[in-house]
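The structures considered in this document are given below.
Paired with chain B in one complex and with chain C in the other, chain A is shared by the two complexes that follow.
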Partner chain A sequence: MDYNFHWRPVFRDLPELIEAGLVTLQVAVLSMLIGIVVGIVLAIMRMKGTAPARWVAVAWIELARNTPALFQLFFFGFGLGAFGLHLSPFFIVLSGLTFNNAGYLAENFRGGFQAIPETQMRAARCLGMTATQAYVRIIIPQVFRIVYHPMTNQMVWAVLMSSLGMLVGFRELSGETQFFASRTFRIFEYFAVTAVIYYVIVKLILGFSRVLAMRLFRY
Partner chain B sequence: MIIVKELHKYFKDLHVLRGIDLVVEKGVVLSIVGASGSGKSTLLYCINALESIDSGSITVDGEDVHAKGTDINLLRRKLGMVFQQWNSFPHLTALENVALSPRIVRKLSRAEARDVAARRLEHVGLGDKLNSFPNALSGGQQQRLAIARALAMEPSYMLFDEATSALDPELVGEVLDTMRLLAEEGMTMICVTHEMGFARDVSDRVAYVHDGTIEEIGPPEQIFGEPNSEKTRRFLSKVR
Partner chain C sequence: MESSLNFFTGFKFQDLLFLGEAAVRTLLISGISIAAGTVLGVLFGWLLYEGRIFASATLAPVLDVFRSIPLIIQLVLFYNFAPIIGLSLDPFACGTIVLTVYTAALAANVARGGIEAVAIPLRRASRSLGMTYWQDMIYVVAPIGIRAIFPAWVGVALGVMKDSALVSVLGYIELLKASQILITRTQEPFLILAVAGAFYFALSFPVARFADRLEQRWSQ
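Let's turn to the complex of A and B:
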C-alpha cells in the first residue's frame, strides 16, 4: 500500500473542527430540551387526551420511531421546501432532531408515568393541589428519575444523529469535516480525528449526566 | 359539620352505596366499621370528591361537595385525608413532604412552611426525622408522616381510610396513639377502621355499614354493648 498519512492539515484545522463540534453539541442539546417538553406533552396526550389529541400523539410517535431519521430530516428540509417553506440548515436539523427525540422520549415518559402509582396523584389532590401542581411537583420529578438513563441514551443518539445534518448542508461537525476533507482529499485523516471528537463529546455527556444524577436524585 | 343525604353510588352495575344518611358534627370522632366491600371507604372518597356520586348530596360546612361551581381544591383543604397505603412522596424528605402543600397551596413563605412542617412532624413524634427520606422510615413512621402532612393544611376534618390496615402489627400502636392524640385535641374525625378497640375507646359515635347502608349508628357503648340490629351483633361477634 502506498498511501501516506498526512495529519498536518487536520491539525491545522483542528480549532475549526472543535468549533463545529460545539455547533453539534448546541443543536443536540437544544433538540433535547425541546424534545423533553414535547415528549412529556405527547405522553400525556396519548394517555389522557381526547381522541384527536391521542391520534396526533400516536401518529407523531409512530413516524418518529419507525422511519429513518434521515427521512425525517429531509422532510423538514426538502419536504417543507417543496411547499415553499425554506428553513435554514440549522432549523432543519433542529426540527428533525426534535421531532425524533420527542417521539422516542414520549414513549419513555409514558412508561415512566405508568410506573407511578395512581395513589400518588390522589394523595397530592387530597392536599388541595391542582392537577397541574400535582404533575409538576409530585409525578414528573419521579418520572424523571425513571427515564433518566434512557434520556441520556437519547441525548447521545441526538449528538450522533446530528451528523446527518451534513446531507442538508448544515456545517456541524460532520459537515465541516466533509468540507475540509474534500478540499485536501485527506478524507480518512479528517474523519478519523472527527470520530475522536464525537467520542470525546459523548464521553463528556455521559460524565456530566452521571454527576448531575448524583446531585438530582437524593433518594 | 358534614351532612350526607340519601347518597347513592354505583360502580357500573354495582350499587355500592344505597342511600346513606349521616351527620358528623364538629368535634365528633366517628368510626365506621363493617365488612370489606361494604362501601365504607367509598363513602369516605365521596366526601372529599375522590369519587363522584350518582344521587343525593354531601355538604361540608354548608358547601355542596359535588355541586358544579364548588372549588374542590379549596374544599379539600378542610378535609385532611390519610390512606391505608400511606402514599409518602418518595422524592421529598419528611420535612419537604409536609411543607410542600402549605407552600404551594396555602401560599405560605418557604420559611413559614418549613416552620409549620417541623412543628407538625414533632407533633406526631417525628421531630428527629425531618431530613429523612420516606424509604428510610418504617411503615408506622410513614403513616405518621402522612398524618402530619394532612394536618399541615390545618384541616377542619380528618378522614382516615383504614390507616392501620397495611401496617405490621407491631407498628399499629404508634399510629393509633397519634390518632388518639388528635381526638383528645378535639379534631373532628371520620375513621374507617377494623380496629374495634380504637372504635370503642376513642370514638364518640360508631357506624356499622352493611351492604351500602348504615345498619346502625350510635355511641360505642350501644354498638358494642347492646346493638339494636341483629346484623350488627353478628358482625361484631365475628371480628372480636
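Let's turn to the complex of A and C:
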C-alpha cells in the first residue's frame, strides 16, 4: 500500500461541507413537507376520487414507485427541457424528490386511512363537522399516528436520495464534495468524510423523530 | 455543400438496440447483486437472530452503516478505495460488490424477520419430534418464514434493481447511462427517457403487483 492519505484539505473545507449538509437537509425537509401534503391528496384521490382523478393518482404513485429515483431526477432535469422548461438544479432535485416522496407517502397514507374505522368519519359528521373538518380534525391526526414510522423512514430516504443532486449539478452535500474532490483529487478522503456526515444526519433525524414521537404520542 | 452543419443525428433503430443492450446490462448487474446479496443477507439475518447480544453489538451497526449512507457515496468510495488496497476492479465488478453488500444489508433484516415470524412453540415442537437444528430450519422455519417475508424481499430486490442505475457514476453503461449518451447525441431527451423509464416500469410494476397479490392471498 503506497497511498498517502491527505486529510488536511478535507478538514480545511469541513465548514463548507457541513454547510452543504444543511442544504441537503433543507431540500429533504422541504420535499418531505410538500410530499406529505401531495401524498395525502393523492391517497384521497385514489380512494375517493372520480375516475380521472383516480387515474392521475394511480399513474403518479406507480410511476414514482416503479422507476429509479435517478430517472425521475433526469426527467425533471432533461426531459422537461423538451418542452422548453428548464429548471435550476435546486428545483430539479426538489421536484424529483417531492414527486418520489409523494408517491411513496401516498401509499403509506392510503394504508393509514384504511386502518381508520368508517364510523369515525360518520361520528364526526353526525356531530355537525363538515367533510373537511372531519378529515383535518379527526381522521388525519389518527392517520399520522399510524404512518409516523414509515414517514420517518421516508425522510431518511429523502436525505439519501438528495445525494443524486450530484449528478444534475446541484451543490448539496454530495455535489459540493465532488466539487472539492475534483479540485484536489483527494476523492477518497472527501467522500469518506461526506459518508460520515450523511451517517450523522441520518442518526440525528432518527433520534429527533424518536424524541418527537415521545412528545406527540404520550397518550 | 450543405448550408447548415448539424451536429446532432436523429433517433435511429440502432439506438433502440443500444438501449436494449444496456437494459440487459442493467438486468445482469442487478440479477447478480440480488442473488449474491440475498444469500449473504440470509446468512447475516441468521447471524443476527442467533448471535443475540453479540451480533446486535457488532454486525447490526455495520449493516446499519450501509443503510445510512447514500448508495452513490458508497459506490464512489469503494471505487476509489479499491486501488488504494491494490485491487484493480472494473466498474462492473466494483458496482456488483457494492450492490451485493447493499442488498445484503437490506436483506439481513428481512431474513431475521422471517425467522422471527415462526412461532417458537412450533419450533420446539419440531425439535421435540426429534428433528435436528438444521432439519427444523429447512423443513419448518424456511417454508413459513419465506412465505412471511417474500413480499418484503421482492420490495428489496426491486429497490436494488432501480438503484442499479447509480452504477452509472462509475462509468458502467447501464440503461440510464445509455439513455444519457443518446440524449447527448440526438437531443431528444423526452423520447429517450420515456423509453428508458418504460423499461424500468415494465420490469418493476408487474412484479410489485404480483407480490402485492401474493401478500393479500397469504394474509387471508
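By our rule, the second predicted complex is superposed on the first by the 219 of 219 C-alpha atoms of A that agree within 3 Å, B and C clash if a C-alpha of one lies under 4 Å from a C-alpha of the other, contacts with A are read in each partner's own complex, and residues count from 1 in each chain.
The criterion applied here is as follows: a contact is a pair of C-beta atoms (placed from the backbone, for glycine too) under 8 Å apart; a residue touches a chain by one contact, two chains touch by 3 or more.
Keep in mind that what you see is a predicted model, and the values were worked out from it rather than measured.
Taking chain A as the common reference for superposition, should the pair chain B and chain C be classed as clashing or as fitting?
fit
Please state, to the nearest 10 degrees, the angle that the Cα centres of chain B and chain C subtend at the Cα centre of chain A after superposition.
110
For A:A53, is the partner it touches chain B (first), chain C (second), both, or none of the two (neither)?
A:A53 sits against neither chain B nor chain C.
Given the touch rule stated above, what does A:V29 touch, chain B (first), chain C (second), both, or neither?
neither
Using the touch definition from the top, say if A:L87 reaches chain B (first), chain C (second), both or neither.
neither
Of chain B and chain C, which one contacts the greater number of residues in chain A?
Of chain B and chain C, C contacts more residues of chain A.
Is A:I18 contacted by the first partner chain B, the second partner chain C, both or neither?
After superposing on A, A:I18 lies clear of both chain B and chain C.
Rounded to whole Å, what minimum CA distance do you find between chain B and chain C in the overlaid structures?
25
List the residues on chain C that touch chain A in their complex, please.
65, 68-74, 76-77, 80-81, 83-86, 158, 162-163, 165-166, 168-169, 176, 179-180, 183, 188-191, 193-194, 196-197, 200-201, 204-205, 208
Going by the contact rule at the top, pick out the chain B residues touching chain A in the complex.
Answer in residue numbers: 48, 50, 73-74, 76-77, 79-81, 83, 85, 87, 89-91, 100-101, 104-106, 133-135, 146, 149-150, 153.
For chain A, which residues count as touching chain C in their complex?
On the chain A side, the touching residues are 1, 3, 62-63, 65-71, 74-75, 78-79, 81-83, 156, 160-161, 163-164, 166-167, 174, 187-188, 191-192, 194-195, 198-199, 202-203.
For a test of understanding, state which residues of chain A touch chain B in their complex under the given definition.
So the residues of chain A touching chain B come out as 119-120, 122-130, 133, 137-138, 141-142, 145, 217-219.
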